[in-house]
Each structure stands twice: as structure tokens, then as C-alpha cells.
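The following pair of complexes shares a single chain, subunit A, combined with subunit B in the former and subunit C in the latter.
Right after this comes the complex of A and B.
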């Protein structure tokens, strides 16, 4: 029972490997940190693990199997830039309920106000949008969440609040969490284990 | 403060222009229905009259009122224009979306066809198509809609390519949403403004080309009251000093086309996101 990446390797141009021989696993309820210098392939690795692109080498398995095509993917990726991850032509209420209808207590945990649901995405700040993206990813069928530089552009207080709420929910639902960040201090605070990308 | 006031005025002026153009077109359309066919009767008494209060645009060599003829001719031209514009917008949208979504082979084929059509001289190609189709309204609609879709298809293709790999569409895919859902809910709202404006800007083209084709003798038959017919008939009378036969219909055609162009242009500017919140 885990999200396992076995001997993963990826390149965009043939034989110019962005990373190679990466093996990692995260169990339900566990928080794994991925760190590394800029451009070492953290985001690409996150996309491979979330099933957005398939690896050139090795394979990703979910609880021993893989996920079906055209069905909800139990591994959800939260992007760095929420304004790109939300359709600018949709109202926030539609964005929130695209995959499922969240319970009021989740909205409360992330301090999403009722009046925001009627607004357009350009009328909310980055931090407010990012909370919608997190709630969207917390679908009842979600088993693992990959947070790719999720709070990098937020102020310290908002960062702390968001991480607090997310870690609580992951604990209570036994979700596996992979935190991708270059901030060692953040990773040190939230993670059980660390994995350094681009080191051998 | 001063900045916002001038911007506000610019926007107001654009809206006024838009309303004025639309009202003008509506008025012409209404008039063409109100004016009776009686005015088109042949009358030997009122032949070749210059413009007067009774006959605003004068009468022709058969005694028909030119004002009535011109307006009824314009109505037919507008109807043909609307139909041909819709046809070419449909062709453009289908081609553009297919090129962007169905992979490299389809994209290359569509792009090649677009280049081929753009490379050919417009009018010659249109004459050829309407000649093959046997002339008439069918020939004009086919000729115009098959030669005007390319630029819009290119716009649609590039728009779809641009958002096809956007993060919110990939996220929608990760929720297991169907391609049909994504096309309808994410892609269509994004390209719809371009399609609408493409439709409006196509209009004047179609009317002008219909007039041109008919003028050259490849379009409508002589008894249909189209603007091109009126102009080409009037040409043979201009040397005998009956200037009103060609002047007024020509001016009205230019006014109508400019109005459509205006509406399309103003809407395009008003709907652009960067200026929509001024």
C-alpha cells in the first residue's frame, strides 16, 4: 500500500536525462519532502509521479497497480501557479465543484468565503486561488497529494495556516503527501522523510 | 483623474458608434420591407427622372424607383452575406479545432490546404467555384464560403493549440473528464469571441464579393434585385449623364459595408480583456 516510483528516468530530448535511477515511495499518512536546486527536475518528477507524463524509464505504481484512463486519478498534483491552474472563464463556484462538491467544513478549514464563489478568478488574490486548488484536489477518492512549490509565493502567515489545515486533513484521511520545495526550513517542519533530487 | 476621464469618453464614443451603425442597418432592413413592390412597376411616364423628393434616388430607364430597388437589392445581398458568413465560420472552426486536436498528420494536412487556398488569387478562385456551381445564389455562397475561411481557421487553430496544454485542462483530464466535456466547457468559451468577431468581419467581404461577382456576370441572374446587378446595369448608362443610377446605390453599399466593419471592429476592441474593464 504505497505510491511507488521504481527506477524512474525522464528526458525531453533523447539521451539528455533530466533525472535517472530515482526510486522513492510514500505510504498513506506519510509526508515525504522532495528538495533540490532549481532545474534539477523536481517539477518533472512531480508530474511523472502524478501521471501527467509517463516516465521514459521505470514505472510508477499505485498500491501495487496503476490507475485507469478516463477515470479520476487518485494522485492529485497541486501546481505552483494557481492562476494558471484555474480556467479564467469560469466562476470560482464552478471551479470548486468541477470534480466534486466539497463539504462546508473543508471550505471552513481553508477559510474560503461564500461570497468568493460568485467571483471571477481575476478578482481573487493568488493565495485565495491556491486555497481553491487545494480543496479541489481533496476529492473523496484522492489517496495521494503532490504539492509542487504550493505555497512558495505566499506570505509566511498564510503559508503556515494553509500547511496546518492540509496536514490535519491528510492525517485524518490517511493521505500520502509529497511536498516539493527548495525551502529546506519548510520541508524540515512538515516532512517525516526527505529525498534529495539530483544527488547521484 | 484626467486619464480615466478620457478613457471613459473613448469607450462611450465607441459604444455610440456601435449603436449608430446597428440602428442604420436596422433602418435599411426595415425600409426594404416597408417599401412596396408597386414602385418597381414599369412606367413610361416616369423614365430617367433625376433625384427628387418623390424619387430620392431617381428612376431608371424603365421608370422603376431606384430607392426601392437599391434597398431591396441590399436586403438580398445581406441575406446572402449572412448565410455565406455562417458557412465559412463553420468551416473555419471545424478545420481549426481539428488541426489543433487530432495530431500532426491532420495538422499538416489542414495547414497545407490553408496555404494552398491563401496562395490562390481570391477573385479568380471565386469566379471558378461559382462558375462550376452554376452561378446564382448557390454559386456565390459556395464561392465565398470556400475562399474566406482560412484566416479564421488559422486563428482558431492557434488559440486551441495555446490552451490545449494549459494546466487547467490537464487538471480537468486528471479528474477523468471526457474530451467532449473539455471541448465544450474549456475550449469553446475560449475561442467563441474570436469566432463571433470573425463572423461579423466576414460580412462586408461577402457582400462586396457578391457585388463584384454579379458585376462581372458570374453571380446572380439579371432579374434578381441585387446590388451588383443594379451597379452593372447602371454602368452602361453612366456615359449618357444618368449619374444617379450608379452613384446612390454605390454610396449606400459603401455605407452598409462600413457599418458592418465598424460593428465588428468596435466589438473586437470592447471584448478584448485588456480593455474590457475600463
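Right after this comes the complex of A and C.
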């Protein structure tokens, strides 16, 4: 039982490898930190692990198998730029409930206010949008979460609260969590284990 | 200055050659403050109050004339880049035509981007690289006010140092710098003063030197909490139930 990447390699332009020979695994309930140079391929690796793109080399396996097409993806990715991960022409209520209807307690845990649901994405700040992206990813069938620079747009107090809420949920639901960040001190606070992408 | 329907009091002043960091809660109106100064608020926004720039009121016409010239803006969202234009070209906009390409390559080198990266479209760059491209678009001759809205997330330490150095250079050359950020630790390396914003109001404007130790030098409880919640400080203090928050400052 784990999300495993085996010997992963990826390029956009032929022979310009972004990364190669990356093997890593995260088990349910575990928190793995990913760090590395900006441009070393952390986000691309996150997209490969979440199944948005296929690796050019190696394979990703989920709890021993792969996942079927057209089904819910148990690996959910929280993007670095929430404003690019939300349809600008949907109201926030629709964005939130597209895949499931979150309970009020989870909205409260991430400090999402009722009044925001009627707003358009442009009427919320980056940090407010990101909280919708987090809740949206916490579908009941989610098994693994990849958080790509998830809280860089949040103030320190909100950041601490959001991490507390997310870590609690991951622990109680036994979700595996991959945390991508440049903030060494944050990674030190939340992760069980670290993986350095590239060695530049 | 007021934004939206709230009636808060938001007040910030920046002197010549000074760097003022603007920090505070997510959604407190930091970006709106920047957009108001630049005159790029959305059409349905209501903005009241006065903005004085170099002794004169900053009117909408004046904003239009000065922004992109002596007022430079580094936006928070990577949506501000043209998705259909190669990033090298975007950095060349506003540079002296004859030397634009040369200057752009120089800027790329300075911010640790490869020359061939200039040929890429924004979607082909990482978040940290896009930040550096956005930053490079702001470095122009004769800049007198720089508004940087979160220029540092997702950047590795070396490129971060380069960006902080450039902001400092702007100030040393006499520009005023507003650095909007959540990265208090980086801001403190260069800022003279720190304005703390919450719910559209200025909570406190503190000297950068007050941010040290357990924050005893900070005047308001909110600023102290903000300081102590940093992962470098007492991160977990905010985790403990409400009743215990007051004791969160005692450290680990």
C-alpha cells in the first residue's frame, strides 16, 4: 500500500530531461517533503505522480496497481497557483461542490466563509482561493494529496492553522501527503521524511 | 484609503529610499492596496481616500502616465504574463529598443535563468522561474516607486537573494519600495519598516528591528501572533486550542 514512483524520467523537449531516475514512495498516513532548486522539476514530478501527465520513463503505481480511466483519481493535486486552477467563470460555490459536498466542519477547519460561495474567483484573494482548492481535493475517496507550494500565499497565522487542519485530516483518514516547498523550516515542521529533487 | 464596501482605515507611507514591507492576513487587502495605487482595480471597485505621490495627489490620469514608467509593479499572479508570448519578448517590453535583447539576456543571467529559457512560453516554466521573469519585467531605468506583490514564493535561496538585492538597489538609488509579502523573514533582511494589515486596516507600522526574539517590541497582539506563527518561531502555538493561544509565545 503506497503511491510509488519507479525510475521516473520526464522531458518536454526531446533529450532535454527535466529529471531522470527518480524513485520515491509515500505510504498512507505518511508525510513526504519534496525540495529542490526552482526549475528542477518538482511541479512536473507532482503532475506525473498525480497522473496529469505520463512519465517518459518509469512508472507510477498506486497501492500496487494503476488507476482506471474515467474513475475518481485517488491522488489529488493542490496547485501552486490557485488562480490558474479555478474556472474564472464559475462561482465559488460551484467550484467547491463540483465533485462532492463538503461538510460544514471541514469548511470551518479551513476558514471558508459562507458569503464567499456566491462570489466569483476574481473577488477572492490568492490565499482564500487556495483554501477552496484544498477542501475540493479532500474528496471522501481521496487517498493521497500532493501539496505544491500550498501555503506560500498565506500569512503565517493562517498557514499554521491550515497545516494543522490538513495534517489532522490526513492522519485521521490515513491519507499519504507529499509536500512540495522551498521553505526548509516549514518542511522541517510538517514532514516525516524528505526527498531532494535534482542535486543542483 | 478604502476598498470595497468596508470602511476601514488603511494607511501606509513610504519615503524616498525606503523599503516598507506590507504583511498581514490573507484577504486583508494587500494586493488591493497595490492595485489601487496603480489604478488597476476591477471596474466594480469603489475606492475612496487619497494617494499622495511625490507631494501631489496621484490621480487616475497620473497613474496611467506613470505606471510602467517611474512606477513599477511586480504582480502576484502569474496570470499577468501573456500566455501567448515568449517570456524573453515579454521582458523586452518597455526597454530601449536597440539594446532590449541584450538587456533582457543580462537580466536573465542575473536572475539565474538560462538564455534558452527566453524562447519558452509561460506554461513551460516553473512557478519559481515565472516569478523571476515577472521580476525582470520591473527592472527599468528611472524607477521611482516599486510595488512588489509577493515576488518571492517558490524561489530557491540563491535567486531569492538576487531579488532582495535588486529591491535594495532600487531603494539605494532613491526609489520607494513597497514589498507585499508573507515571507516575513526575507522581508526583514531588507525592509526598514513593516506595515501590518488586517481586515483592510493598518494594525501597526513597526520598525523592522522590532521583529526579533519573541516579539516583545511589537505593539499589537496580532503582529506578535503573526511573528510567532512562523515555522522558524513557534508555528505550533496556533495549533493549540483557543484558550492556550495566549501562552503560545512562551516558545517550545
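Note that in this section the second predicted complex is superposed on the first by the 199 of 200 C-alpha atoms of A that agree within 3 Å, B and C clash if a C-alpha of one lies under 4 Å from a C-alpha of the other, contacts with A are read in each partner's own complex, and residues count from 1 in each chain.
Keep in mind that, in the parts below, contacts are C-beta pairs under 8 Å (C-beta built on N, C-alpha and C of every residue); 3 or more make two chains touch, one makes a residue touch a chain.
Quantities reported herein were computed from a predicted structural model and do not represent experimental measurements.
Enquirer: Who does A:140 touch here: subunit B (first), subunit C (second), both, or neither?
Expert: neither
Enquirer: Classify the contacts of A:186 with the two partner chains as first (subunit B alone), second (subunit C alone), both, or neither.
Expert: second
Enquirer: Comparing subunit C with subunit B, which touches more residues belonging to subunit A?
Expert: Partner with more touched residues of subunit A: C.
Enquirer: When the two structures are overlaid on chain A, which partner does A:93 contact: first (subunit B), second (subunit C), both, or neither?
Expert: neither
Enquirer: In the superposed arrangement, does A:156 touch subunit B (first), subunit C (second), both or neither?
Expert: The second partner, subunit C, only.
Enquirer: Tell me which partner A:84 touches in the superposition: subunit B (first), subunit C (second), both or neither.
Expert: both
Enquirer: Could you tell me which stretches of subunit A are touched by subunit B in one complex and by subunit C in the other?
Expert: Correct list for subunit A: 81, 84.
Enquirer: Can you list the subunit B residues touching subunit A in their complex?
Expert: Within the complex, subunit B contacts subunit A at residues 166-168, 170-172, 174-178, 185-186, 189-190.
Enquirer: Show which residues of subunit C lie in contact with subunit A when the two form their complex.
Expert: Within the complex, subunit C contacts subunit A at residues 23-28, 31, 42, 76-79, 124-129, 131-132, 150, 153-157, 159, 182-184, 225-227, 229-232, 235-239.
Enquirer: Which positions of subunit A touch subunit C when the two form their complex?
Expert: Those residues of subunit A that touch subunit C are 12, 36-44, 80-81, 83-84, 122, 124-128, 148-149, 152-161, 164, 182-183, 185-186, 188-189.
Enquirer: So in the complex, which bits of subunit A are touching subunit B?
Expert: Of all residues in subunit A, those touching subunit B are 50-52, 70-73, 76-77, 79, 81, 84-87, 89-90, 98-99, 136, 139.
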